[in-house]
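By written order: A, B and C. Residues from 1 in each chain.
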Amino acid sequence: MRPTLVKSLLIGLIVLPLIGVIPTTWTWNPRLLDTVTTTVLMIAAVTLLNHLVGYAAGKAIAFRTGRLIRLMELLISLPLFLPVLLLSFGLYLTWIRLGLADQFLGVLLVLLLPTLPYTIRIYTNGFQALGEQMMEQMILIQPNRFKRFFFLTGPMMRSSLQSVTLLVTVIALSQYALVALIGGGVVRMIALEAFPLYTGNSLVAAKEATIWLIALPFLIYFVQLMVFSSWVRLVRRLLDGRNDPARNEDIWKEKGVTRD
Amino acid sequence: MWRGNAWPATLLIAGMVVYGLFVSLSMTTWNDYSRLASDAVFLESIGISLYVALSSTVLSVLVGAILADYFARRTGFTEQLLALPLFIPHLGAAYLSILYLSDLPVIGPHEANHLSIILTYLYKEVPFVFFYLLPVYRRLDHRYEELGLMLGLSRMRRFWHGKGVFLLFPVLEAAFIVFAFTLFAYEVPALLGVTYPKMIGVYAFDLYTQGDLSSQPAAFAISVVLTVSLLVVLLTFTRFVRPLTERISKGRAE
Amino acid sequence: MRKQIIGIAAAGLVLAGCGNTPAAPTQDKVLGSSYTTIEKEAADTTVRMYMWGGDDGINAYIDEYLTPRLKKEHQITLERVPIETADIIQKLRAEKKAGKETGVIDVIWINGDNFRNAKKDGLLYGEITKVLPNMKYVDPQAQGSDSGTPTDELEAAWGKVQYTFHYDQASVANPPKDLKTLKSWVKQNPGKFTYPEVTDFTGNAFVRHVMYGVESKETLQDPKADFKKTWAYLNELKPYLWKEGKTYPKTLAQLDQLYAKGDVSFTMGFNERRAEQEVKSGTFPKQTRPLILEEGSIASTHFLTIPFNAPNPNGALVTINQLLSAEAQLKKFDATYWGDGTSLDLSKLNQQEQAAFADVPAAASTPKPADFNGKVRAELDPELFDLIRKDWPERVAR
């Protein structure tokens, strides 16, 4: 395969289809504002919870041994292989009794099912790539776990963190049936707005909702990039003097850290 | 404590899965299952779902693996293009299909061959498989194949000992994830599928929501049957394939 | 580690506890009070209206006309939630089963089998029409029964429409007059006709029109009968339909899109005026014309109701009353947004209002009142809706 051929094929099949959703007119629909707000809040909450729970679990799966952790790994990956939507029929009745149905929190919990297994997989791979020796080394350098995360583990796991946010955002945005069922139309995510429009009679309205559906992951990813670059800049400034700027570029890449 | 803690994740996920399964089970009687076994509409729905899921899986794993093999040997910006579909929610990909394929014959939406659904999945899953396998391909040690060449092994055996054993488990895993997802998904087939037969996710959701209460046990029964059968496949998979690949690839690990 | 688990569990419980909403006012208290009190109680509240959301014109009527009006006149914040009616009923059933006394739905747009199911399962609030002042304008005939199920004041008639076919005169020179000529037209023009699948409201009604045409009166009365003539007629059409009948539009909206693109020459639906707005906006072909089959056109009334566990019944009542006002009905009737037939008895309105309704022009796509002479048919037993949904996939679509 010639590189140019591959490149043009990829551009033609992957990039060109996106031209159709570039907004041509800009109308501001107040309904969409509410929906976008709820969606962004929900994504922020689901992502945060994924990071918190998934980070710890991914580390455990990567660094612990024994039968128990293998069993836990299997249990955690179950939603990847099982019909989550169908299982949620059963959950829904219970959610009503617990007062979780039609609630932000209820949807938040159910959205963990299709997202958390991916998160944990990404973190497990990230920690495995980092390696046990590296972890031990970092503990020697910085015993305080919060400081350690801020100065060392966080920046080094940057690509895992970024992938998790992206994947969680994209999966959560796609859920129509789950959100309609558990959120009961009260928790209004974009999918709830877009889906009826796709089977509706107005292509313009459908496109308007799709723009958000596709733009949000890019926006969120961009915000995350900004956060990371200021994080890294802050870490550098705080560690100033210990590293000379010429080497900084490499230090936070996985290979560069083995300097000591 | 630095070794992490998998308890919260396990409790959350296993709790919801097991409990959801338990409630579904408690909503059904034995009759619902025997009726399901002879329900032609259900069986045809399973048939079409298997067709769509299998073709989507085989094609996306094949293309994804070829691309991973190709890009593992070079660096550059081009592979980043493949990340683009990862940013698009499935619902958005379905919209793109409606937008571009609607006026086309054969591959348009709502055709019995379901090509539009398969194409939508390919758009999303090929990049998924690609990025799932790329690190594996990059970690492959080419000296194994060179060794095979020196020992005068056949092409097939060279591939198997140099690459196959290391790829087997990740490829199967990626395939399994794509397969289960495409088999049960609701949104894409609901928007692009045909009137009859419906794919299983859509069929079960319709049974659950449409009409009177009488069809609800059937929806729960479908949920239980599918969950249990996938669970069996999964357990067989982890029980046999994993120890096998681990045994073979031992010595490679650091 | 155990501490952490307990911590998470406790946090979960606390958060779950926060989810409980304050209880709604009791049903007898609300329905026993005067409308003035209801209006006062409804001020500064939020009303959630659940309705099918696939029609841009209908959505715009709610979002652009009703919502600002309610805000201004009653300080009510209206939230439109686009969910299929059958899904709403299912949700209420689950809530009833689980004992959820305060739900989230305030107003539902409903009719036909969904109403029958909701009534049968006790999912509705009560005799709401008794307290609504604007009920005095509503046509008692429309209000009396919903597809044969007595409304028993559980719901209020919102609109009244006739099933009407629309065709493009540019491509259909000699429009069929009845089911027989429709069949021969379809055979001569393969691929140019189809109907939505029967889970769709309009598609289900198309099959009922075929039933009216081909089955005997006795069979029509008996939901247990075998409707083989109906299935036979539909199967005769099937190979000549759009995409050779291998698939059907999932919704009326999709059929409309096919019609708008010229892929098919016919569309159909409840509401004789529904094409006006589409022609005006350039979506439908300019030469769109109406067609009423000889076998008749089913008259359908659609309603508004309140579920048993509505969190804000006062606000729901005010919203419904507002929608039954002459002004709201006129806005719904003209072609700006929706063009939906009114449920009001026009003779009960004042002269000015009557004149306003009479002044709404009828486009060429709207049938004249005389076109319906002797052709208005009552809705069939809702049991048949279920029967069609169940049998059509196996006997026709398969």
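Basically, a residue touches a chain if its C-beta (ideal position, glycine included) is under 8 Å from a C-beta of that chain, and two chains touch if they have at least 3 such contacts.
Predicted model, so just to flag it, every value in this text is computed and none were measured.
A count of C-beta contacts for the chain pairs B-C and A-C puts A-C on top. Comparing the centres of all chains, each the average of its CA atoms, the largest separation from subunit A belongs to C.
Taking each chain's centre as the mean of its C-alpha atoms, subunit A lies 19 Å from subunit B. Computed centre separation for the pair subunit A/subunit C is 40 angstrom, with centres defined by C-alpha atoms.
Contacts with at least two other chains are made by residues 87, 250 of subunit C. Touching of two or more other chains is recorded for residues 93, 199 of subunit A. For subunit B, residues touching at least two other chains, in rising order: 5, 7-8, 208. Looking at the complex, you find that subunit A touches subunit C at residues 31, 92-93, 96-103, 105-106, 180, 184-186, 188, 192-193, 196-197, 199-205. Of all the residues in subunit A, the ones that touch subunit B in their complex are 1, 3, 6-7, 10-11, 13-15, 17-18, 20-21, 53-64, 69, 72-76, 78-91, 93-94, 109-110, 112-113, 116-117, 120, 125, 127, 129, 131, 135, 139, 145, 166-167, 170-171, 173-177, 191, 194-195, 198-199, 206-207, 210, 213-214, 217-218, 221.
Residues of subunit B touching subunit C in their complex: 5, 7-8, 11, 40-41, 44, 103, 110-112, 194-197, 206, 208-213. Put simply, subunit B touches subunit A in their complex at residues 1-10, 12-14, 16-17, 19-24, 27, 70, 74, 76, 78, 81-82, 84-92, 94-96, 98-100, 123, 127, 135, 176-177, 180-181, 183-184, 186-187, 190-191, 201, 204-205, 208, 219-220, 222-223, 226-227, 230-231, 233-234, 238, 254.
The residues of subunit C lying in touch with subunit B in their complex are 1, 4-5, 8, 84, 86-87, 90, 93, 113, 117, 121, 197, 199, 243, 246-250, 261, 386, 389-390, 393-394, 397-398.
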